[in-house]
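I have placed the structure first, in the form of structure tokens, so that the comments after it can refer back to it.
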Amino acid sequence: MKPSSSPSDGGLFDGVLAAGPVRVEVSDAAWLRALLDAEAALARAQARVGLVEAADADAVVAACARLTVDPGDVGAQATGAGNPVVPLVARLRAALPPATAQAVHRGATSQDIMDSAAMLVAHRARVPLLADLSAAADRAAALAATHRHTPVAGRTLLQQALPTTFGLVAAGWLTGLDAARRRLAAVPLAGQLGGGAGTLAAFGDAGLDLLAAYCAELGLVEPVVPWHTERGRVADLAGALGATAGALAKVARDVVLYAQTEVGEVAEAGPGGGSSTLPHKRNPIRAVSAAACAAQAPGLVATLLAAMPQEHQRAAGGWHAEWRPLRALIESTGSAAHWLRASLDALEVDAARMRANLDLTGGDLLAERVSAALRPVLGAGAAHEVVRSASGNLAGDPRITAHLSPGELVRLLDPATYLGSAGELIDRALRAAGR
Amino acid sequence: MKPSSSPSDGGLFDGVLAAGPVRVEVSDAAWLRALLDAEAALARAQARVGLVEAADADAVVAACARLTVDPGDVGAQATGAGNPVVPLVARLRAALPPATAQAVHRGATSQDIMDSAAMLVAHRARVPLLADLSAAADRAAALAATHRHTPVAGRTLLQQALPTTFGLVAAGWLTGLDAARRRLAAVPLAGQLGGGAGTLAAFGDAGLDLLAAYCAELGLVEPVVPWHTERGRVADLAGALGATAGALAKVARDVVLYAQTEVGEVAEAGPGGGSSTLPHKRNPIRAVSAAACAAQAPGLVATLLAAMPQEHQRAAGGWHAEWRPLRALIESTGSAAHWLRASLDALEVDAARMRANLDLTGGDLLAERVSAALRPVLGAGAAHEVVRSASGNLAGDPRITAHLSPGELVRLLDPATYLGSAGELIDRALRAAGR
Amino acid sequence: MKPSSSPSDGGLFDGVLAAGPVRVEVSDAAWLRALLDAEAALARAQARVGLVEAADADAVVAACARLTVDPGDVGAQATGAGNPVVPLVARLRAALPPATAQAVHRGATSQDIMDSAAMLVAHRARVPLLADLSAAADRAAALAATHRHTPVAGRTLLQQALPTTFGLVAAGWLTGLDAARRRLAAVPLAGQLGGGAGTLAAFGDAGLDLLAAYCAELGLVEPVVPWHTERGRVADLAGALGATAGALAKVARDVVLYAQTEVGEVAEAGPGGGSSTLPHKRNPIRAVSAAACAAQAPGLVATLLAAMPQEHQRAAGGWHAEWRPLRALIESTGSAAHWLRASLDALEVDAARMRANLDLTGGDLLAERVSAALRPVLGAGAAHEVVRSASGNLAGDPRITAHLSPGELVRLLDPATYLGSAGELIDRALRAAGR
Amino acid sequence: MKPSSSPSDGGLFDGVLAAGPVRVEVSDAAWLRALLDAEAALARAQARVGLVEAADADAVVAACARLTVDPGDVGAQATGAGNPVVPLVARLRAALPPATAQAVHRGATSQDIMDSAAMLVAHRARVPLLADLSAAADRAAALAATHRHTPVAGRTLLQQALPTTFGLVAAGWLTGLDAARRRLAAVPLAGQLGGGAGTLAAFGDAGLDLLAAYCAELGLVEPVVPWHTERGRVADLAGALGATAGALAKVARDVVLYAQTEVGEVAEAGPGGGSSTLPHKRNPIRAVSAAACAAQAPGLVATLLAAMPQEHQRAAGGWHAEWRPLRALIESTGSAAHWLRASLDALEVDAARMRANLDLTGGDLLAERVSAALRPVLGAGAAHEVVRSASGNLAGDPRITAHLSPGELVRLLDPATYLGSAGELIDRALRAAGR
């Protein structure tokens, strides 16, 4: 298939919102390729089970391979039929001698081809999406290993709370990204074949053999029964994509917060992030873009879930309603993964600034520890109260120095010695993610 | 501006999901036109308030008019900067002598231009959207008038309940469509200008005058203050579009239900709705397509609302997150309006079938009325119980015929005489919608 | 724990929107129980790893068991702290001698307890939810087996299209419900423990042992690392619940459509569905209620996904934002499952009406088959055209009877002999669902 | 009406997620009161138009006033009928002599009462919601006026960009809050009356007069036609609430960001925000809670919009699906308003810290201004490049000092003199908001 428009053509917002390799895999050209691949697989499978002559199937396969189609033309003709398969089949048939043309789309319904193509598109787009996700996870793993001993303020409600390590922060990112990758990779993508009412009636006794052969040709999972209006498979995919987008957005938000002028603990190195008016700014534009892409997901997942109650054997709108949000969800999530990978690739970590920020609060981050040390002497309530009211001056408050020696206090107030199991948790995260 | 790709190019799903004239108005080409119009308006306005030489402004305006831009190229270059304004401005400047080039985008921030363009796009796309909505409402009004006296089963929970008229049904459609139209037409669309921090600092003392002149040039509302991160205006537009989609979807669902094989009270006339395997079917494909388009809206509105908490003076992702859902929401709602207009234009009403369906239940639809007639004799409870247990045989049950004469029963069981204020309600609806 | 309000207390809408046993499992009382169970598990686990004296742990466990708490009081006190754990811990401590009180909540952060309780609540509520889902699937399986040979119109876009069997329809329901059940049952629910910054610092060297012991006590999965702000686990649960709701809604919508007055192929038997004004109506109120409950899910899933980007070590709002939608999602999905089970339990199938409806269109449902039989004689195009124009009179049109004998036509127009692999597909569905 | 459970009873999460006075106004008790008020209004209106004896109407009104109902009991009984009106009417009738009982709910359908009650609830809950919103806006206005001359870093993508004033920041908040308030206050809330099929048939010729009288009794807008399945009114309300939540969330997010340990420009004073483990923390818990409440809105709005396509004269699920999200949306938005008001009431502004933060970047915030000053000498490109590469040292870079005198540089680098129209914009915002 040679689509007349180049698959590399992007749109005005695509540089930001459809970055990376996934866009091409969900483009009109990719959809057309998948639709024609589904028709070719159907012809081949029918030949395998004896419903179509091998020579006819070969002719159909060849026609599918050489057909040149303009997506806009097919799309415009889809208006009448309600889907692009009808005009596409007409073109395929027109490209073949009448006798052979009968072997095109034989016994299938439009949704058989559209759903199979949708799953093929998802299958193909998932490859680069998982690759970007994996690469982002690799980078998080590297950060986790490198910064195993880099103290950083643990922040709760955006307030400094207790020390942690940047390695553990990155291990948390890794855990989220790797779980998202595994979840998404595990979603089964099935072929679709049932004919008009889902009984495979047009295929006589050969329906089930054909179903198996067709799915094998497509490289997709064979479903137990046709799923024209049982959309759990689409919901599975949507849920996995939505969770992936959320995992990406979490990391992106952290990067943006760490990169704030007043925090300055990380920065995205290199070009990008320029401003049209502010020459000095170094915006974390990759993380910002990742966040913007990921923000598309929740609403799109909701649209796909809301489309699930599909009527009888073919929905009166719910099925058509899936096409755009499914594409947009794959594309946006892919773009978010691509941007986050780029952000983490470019990430510069400023360990000295992390340490300096830890010192901003005069030891308050270790309040829990000082409180615990005072508890045996003062009791829990009094210890808590003393530490609370000495906030900002834990090293100097006489109610504290009266009970804890200077050396003891120095030790207690050193964040690098109050990191609990941070190191072992990093190791667990790396091991669990197979790194 | 001559975009290199034709604005009429559609995509593979656009014949179904982006039908009608709105698609072109939110296309990349339309966005580029709006972005350049915003730059031209800014130059003109700066000349009006004396910040830029008139000749320079004229040169900028001319450059905006003649610039040929490929949306994909600009989009690809937007990757670095995070938005397409930066590369577009670079091209505009490159098309002008250095001295004049300084008058391009002078003092503005990218979001000033993007937001203004978004509102221009919405403003322009709203025109055909409102026209399709209006035409659909016209058709509903005509149906309401024509079928003022056409009895049809009133159905609750998809069960026949009480008689109504098809005119009143259509009057309800009209009311919903007309309210949506008025709501959407009333959304104020404002220009945006503030510069990097929203203070208009780059414009010295002329900021406020410039703001007024710029909005006047754009034909957009002048905002009280810059709204870079105060997105109530976007939410307003989103809410009105979402409510419009819902109003359209209500009518579409009714049409699909009335058109069912077993109901058969309406049909979409003419071509369309063909099936790839079922030659005889006459699918209500226009209403189905309208429903599919309208189903995009709730999730897109949610995405836009969720993007509202935008940080400080420029959001770290929330703003970028608006571009695609806003476009998709306008486009989908426009397509839904176009499809519904087509559906109602093609609607054939089968009054005889409506009447036949009313007779399916042996008078049960008038049970409320018979019950009321028996109440004075039997008391409320007994009347209710007699009528309930006589279901399907109200005209023949001896417990009823004992109290009501045959003539009285015929009158009571005639749906055409139990229509309450249906006629007056139709008149009210027509009047309220100015028809 | 003895909550002062009875767990059986429901709300005004709960009879419709929170029906069945799940509501109680996500009630305030259930949450309080889970919170106290988490505190008890923490104390026990600390004793196991030697951080707390066994006697103190026992005292804490006993206090958790006997504490009487009013949810509203704790909730009101949560205002200051931002979560109900703080006031609950204060009450627990107040119920113990000062020395023992220190063993309460030792080293934990509020979110450790809240998240663990949330997962406990989900774990407990999942049991009856899966049971209702299973029972609904059982009933679908029984319908599939019983109606293996019951022809019914296959409907696409709500138009009769081709024959299928009601058994295959029910097999499709079964497949969706069973897939939803397996998906939901497989979601891993993990305990949460990390302390203020997720390092387990307050537990010295015993952090990891404690984490394992704590999760074992809770009967929950042990996470690799704390997941305070890595919410993929919540997204997983949300996605599975959303997909479950969709699977339920699909069946509910079919039931409502089959039950229409004009279709009449199924009815919900027994009481219910009464109308306040229409004594005769037999509304499919169970299916309607299931649909209403399931309709809550997409928006709630979106809210949970949108809450995923949680900042640093504790979110500034995103975590709190999960509590209500997670509860509502479990409750609504549980209610939908309960209603659908009830609907299918009450379902009366009218095979005769199914057959009568198949005859409404004068053989049109077999058009595909007649077309195929004419194709060898007339060629594909002419065969399609003849059949299309003979719609409604396939048995009598001379262009057809000229080529097909009366006997042949009777056979071709018998829906019961054009069911393809419907029977085998039912068998596959029953087998795959382990029935 | 005396509901047996106290209207002040809250739930476990309500202290955080349903704070303030709105919760009580949407409670079960408030709904019951509204349902009974609607029945009372209906009786009174029927008396006014002569359909019911005045004495009977008085008896009904009195019964409505004195009926004691447990919401859970009514809710449980709603299971059979599908809504709580049916059992409520049964109780009302049981509380009256048979003859008078007939005057209860005469000719109405359950949805007439439920929808009217929903609008009454919204009408009553809107009062305190608008009050909290107004108070928050007042506080924003006061901050705008007080900090007219307080420079603060304007931040874009969370990076310091250009100076602005905290007054202008607060003026932006005011603008958003005030627009939300006006939008929400303007939503028309209508009564509902139509009877089973929306024709007012049960009221004979008096239907329209009754409709007018009923709405007047309720203090609600009179609709043109019944809107049982035309849900634009609900969508309007939902849209206004969603936009309000977004406006609140924007301010909340800003407060949380300004309150960060490393930024420290604002703090929420007074009690609250304590941590169970970290005695020193002063969490901006009010703003965090506001954000959590507001985050509920987008998904709930989507649910309400998705429920709009309601079938025929009474939806098969879509209507029931509105009850909970509408309540939750009002409650959450009300809670967000209450929290934000509290946050702004408690807000301490640290102008010195704002100034110190402005100095963090060595003049980079004025880069645009220095660049503009160098442009006449160096040309735009070279000026931009010099300033970019001198980042962090604008006052000392010899390429700059060669062209700008020390005095000139001091002036250029003073943020307080590069605030453009900030002051006038504040005045505009105050004026537009009537302050």
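Going by the order they are written in, the chains are A, B, C and D; count residues from 1 in each one.
Heads up, the rule we're going with is that a residue touches a chain if its C-beta (ideal position, glycine included) is under 8 Å from a C-beta of that chain, and two chains touch if they have at least 3 such contacts.
The structure displayed is predicted, hence computed values, not measured ones.
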Problem set entry | Path length in the contact graph (chain A to chain D, fewest steps) | 1
Seminar exercise, completed: Between A-B and A-C, more C-beta pairs in contact link A-C
Exercise. Roughly how many whole angstrom separate the Cα centroids of chain A and chain C?
Worked result: 24
Seminar exercise, completed: Chain centres from averaged Cα atoms put chain A and chain B apart, in whole Å, by 31
Problem set entry | In chain A, residues with contacts to at least two other chains | 82, 109, 155-158, 161-162, 195-196, 202, 252, 256-257, 273, 275, 277-278, 283-285, 288, 291, 295, 298-299, 301-303, 306, 316, 368
Seminar exercise, completed: Contacts from chain A onto chain C in the complex sit at residues 82, 98, 101-102, 109, 154-158, 161-165, 168-169, 171-173, 175-176, 179-180, 183, 195-205, 207-208, 224-227, 229-232, 235-236, 238-240, 242-243, 245-247, 249-250, 252-254, 257, 291, 294-295, 297-299, 301-303, 305-306, 308-316, 368-369, 372, 375, 379-381, 418-422, 424-425, 428-429, 432
Problem set entry | chain A-touching residues of chain B, taken from the complex the two chains share | 9-17, 19, 28, 31-32, 71-72, 74-86, 89, 105, 107-110, 195-196, 202, 252, 256, 271-278, 283-285, 287-293, 295-296, 298-303, 306-307, 316-321, 323-325, 327-328, 332
For this session: Please name which positions on chain B make contact with chain C in the complex.
Result: 153, 155-162, 256-257, 259-263, 273, 275, 277-285, 288, 298-299, 302, 306, 357, 360-361, 364, 367-368, 371, 384-385, 387-388, 391-392
